[in-house]
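Next come the structures, one after another.
Shared between the two complexes below is chain A, which has chain B as its partner in the first and chain C in the second.
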Partner chain A sequence: MTSVNGLACRECGRAYPAEALHVCDFCFGPLEVVYDYEAIAKKVSRASIEAGPLSIWRYHELLPAHETSTIDLRAGFTPLIRAERLGEELGLTNLWLKDDTRNPTGSFKDRVVAVALAKARELGFKVASCASTGNLANSVAAHAARAGMSAYVFIPSNLEHVKIAMTAIFDLKLIAVEGNYDDVNRLCSEIASEHTDWAFVNVNVRPYYSEGSKTLAFEVAEQLGWRAPDHVVVPVGSGSQLTKIHKGFLELEKVGLIEDGGHVRISGAQAEGCSPVTTAFRDGADQIRPVRPNTIAKSLAIGNPADGWYALQVVRETNGGMGSITDPEIVEAIQLLARTEGIFAETAGGVTVATLAKLAAEGVIGRDECVVAYITGNGLKTVEALGDTVGPSVVIPPTLAAFSEFERDQEGAIS
Partner chain B sequence: MAVRLKLIFPEQYVREPIIATMVRELNVTPNIRRASVEDHFGWIILELTGAVADTDAAITWLGEQGVEVELLGDVVES
Partner chain C sequence: MSVTVRIPTQLRPLTAGEGEIVLEATTVREVIEGLEGRHPGIGERLLDESGELRRFVNIFVADEDVRFLEGLNTPLTQGQSISIVPAVAGGC
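Our next item is the complex of A and B:
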């Protein structure tokens, strides 16, 4: 059994049952899962978690789905890697990377989708759905296949072929919609409100979906030996992930698994071409002004972030910082991460690493803080963003003489 | 069709009866759920019901009056 009390409105606090609801009828505020932490504290221990599966489901007591309804593609429990070489370049002595490129479909979305569809199955839904420009579509398609659920996934018709193939392979109804982002968004809003018999993962089961991101905090604390880091750097698209990582650290402290969850400083990373939260942070503004995205970091390109305001509050309350990163800086940071640590990240990872570098240079991140940067997606998903910045060191004819000449040039360059 | 919107009124429009004018001129029904007037702007979260053509027309009209219109609940994610 889970220890979920129900849902509550984040704005007015009105209580709702744990059903497929996402918006407060009364004030239109977003709904959030509410737990009985006293009951959870009695049930979980470090040992009980350590004996669990090597996936997000080891933390099932702190997730809103029943253990028996889990859909296990082994999402989560990804490596936490000590990044000495990158740390040396950035002047950080205690830097760690949460390598979420290793998830089943290559991004952190597997965490949220696994939770959303487990809950959807529990609520009796037979059809999974989403509207996506990439990572979410991949993950919903794969998890629905694993669960034996039907899936309807909506994508913009101009999506790159690789992204279409990575979803279509899972044999689902893949609907390519003509028009711009706003057209697709509007149609999908209408479809979601028509098809209340579908589990639209980021609409009617969104409160459960977003809870999956808490596991990014749970795992980091466990992997650090059951203690919280001093500082984390999180990419910001909708802002949901950042707020849930914060919630995750707080929950671990509430149920007695760590002592210092409330002290984690949380910083956010945005692309300059879509940085409404960073702009509000820098201006000291009390609202987020929507923007029209223009960046290679497509997975963060949400101009009107649903949780942007809440993310801004978390960054301010925890004394974190925000960065905004240009497209060339994103590519440089992807290369820096690959060169120093052997991890190939998608563009969102470039945004995070570049923000980490900026905040370290500005002194927002202290030299000896225990810092964790979240690398949330695999570079194979956004190879096109690298353009011609990568390629062979040299092209040679098939002769030993040609290769020897290349070697001599290299030696000359080194000396 | 019902759409949930956040309307942001820049300081110079806070005193204008824009919602009342919209109701008189366009065939839509607003249902206000939350609202506030801050230091330099005001905002209203409301539901607008009517035929799709009418709610679309109302959104366009609000934009023309200088009101920032945000659709609540974008559903497309990466």
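Our next item is the complex of A and C:
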């Protein structure tokens, strides 16, 4: 049994039942799941979690839905990798990477979708839907297929080809909208008002959906031997993932699984072409000004971030930093990560690694801090972003002579 | 001039279930005043104590966020469509 008491408005505190609601009727503030932490503390232990499935569901006591085997694609419990070579380049002695490229559809979105659709099924929904920059579309399409739900997925029409193919393959209604993500999002908010019988994972089911990102904190703490890292670097699109990772560490402390959840410093990574949260952070502003995105990091291209304000608060309160990364820097960072650690990340991963590098260079991240960077999506999804920066070293005829010539050229280039 | 306002689910209890309201207004502020006149209680849901648009409310005039335009003073033209949309949606 989950120990969910209901939902509550994060702004004004009004209470709501645990149904398909995401916004406070009174002040339009976001609704959050409320748990009975005392009850959870009595039920969970490190041992009980370690004996659980190798997926996000090992933390089901701290999630707002039950594991449903008919939906589950085994999201989560991805590797936490010690990154010595990248750390050496960046001057960090205790660097780790959470490799979420390895989820069923290649991004961390499988965590949130697994929770959202498990809850949607529990509430009796038969149609799954979402507004997506691509990764979410992939994940909703796959999970809906497995669950036997029909799906309506809305994306900006200029999305990367792979993300479109990876969604369309699952046989659903894929609606490409002429506009950017913020346009798609607004449209979906309006459609959600008309189709209240659809589970829009990031609209009416959003309070449950977003809770799935807490598992990014849970896993890291468990994988570090039940302790919190000193510092984490998280990509920021809507800001939800960052705030939920923070919440995850706090919850582990609250239920007695770790001791230092409140001390984690949280830094955020944005693309220069869409950095409303970084801008507000640098300006010391108390408002997020929406922007029109223009970046190759399309999965982070949210100009009007729903949780931007909360993400900003978390970064400030935890003494973190923010980065904003240009398109060429994103590509360089993708290559740096690949070259040093053998991980191929999508553009959001490039934004994260480049921010990690900048914050390390600026001294915001301490040399000996235990740092975890979240690599949230697979590079195969955004191959287009690499353009002609990757390709064969040489094209040769199938002769030994030709290869020998290539080798000589290489030696010449080195000496 | 006459404009059409789209009402989100969250406010429909106040509009007797109406999802679309046609009223006379020349600015976004007048739209809110007009809604409040017809359906008392809507105003405080959209504006905070200082009379500013609440943080989690987005208003779109002809598909453009008024925060990109002139906010509550954004002028309207005849027959324009105005959408009130909760800001908290999407992404991750």
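Criterion: the second predicted complex is superposed on the first by the 393 of 415 C-alpha atoms of A that agree within 3 Å, B and C clash if a C-alpha of one lies under 4 Å from a C-alpha of the other, contacts with A are read in each partner's own complex, and residues count from 1 in each chain.
The rule is short, and it goes like this: a residue touches a chain if its C-beta (ideal position, glycine included) is under 8 Å from a C-beta of that chain, and two chains touch if they have at least 3 such contacts.
Computed from a prediction, not measured in an experiment: that's the story for all the values here.
Three-chain overlay on chain A, with chain B and chain C in a clash. In the superposition on chain A, contact of A:Asp183 is made with chain C only, not with chain B.
Look at A:Asn94: by the touch rule set out above, it reaches neither chain B nor chain C.
In the superposed model, A:Asn103 makes contact with neither chain B nor chain C. In the overlay built on the shared chain, the residue A:Cys27 is in contact with chain B and with chain C.
In the superposed model, more residues of chain A are touched by C than by the other of chain B and chain C. By the touch criterion defined above, A:Lys298 reaches chain B but does not reach chain C.
In the superposition on chain A, no contact is made by A:Thr78 with either chain B or chain C. Within the superposed three-chain model, A:Gly134 lies in touch with chain B and out of touch with chain C [touch as defined at top]. Once chain A of one complex is fitted onto chain A of the other, the partner contacts of A:Asp307 are limited to chain C, with no touch recorded for chain B. Where the contact sets of chain A with chain B and with chain C meet, they give residues 11, 23, 26-29, 131, 133, 136, 181, 185-186, 188-190, 192-193, 200, 202-203, 237-238, 287, 289-290, 302, 304, 306.
Across the interface of their complex, chain B is touched by residues 11, 23, 26-29, 130-136, 154, 156, 181, 184-186, 188-190, 192-193, 200, 202-203, 237-238, 286-287, 289-290, 298-302, 304, 306 of chain A.
On the chain A side of its complex with chain C, the touching residues are 11, 22-30, 108-109, 112, 131, 133, 136, 181-183, 185-186, 188-190, 192-194, 196, 200, 202-203, 206, 209-210, 213, 237-241, 287, 289-290, 292, 302, 304-307, 309. For chain B in complex with chain A, the residues that touch the partner chain are 1-4, 8, 33-34, 38, 41, 43, 45, 47, 68, 70-78. Within the complex, the chain C residues that touch chain A are 6, 8-10, 13, 19, 45, 54-58, 60, 63, 65, 67-68, 83, 85-92.
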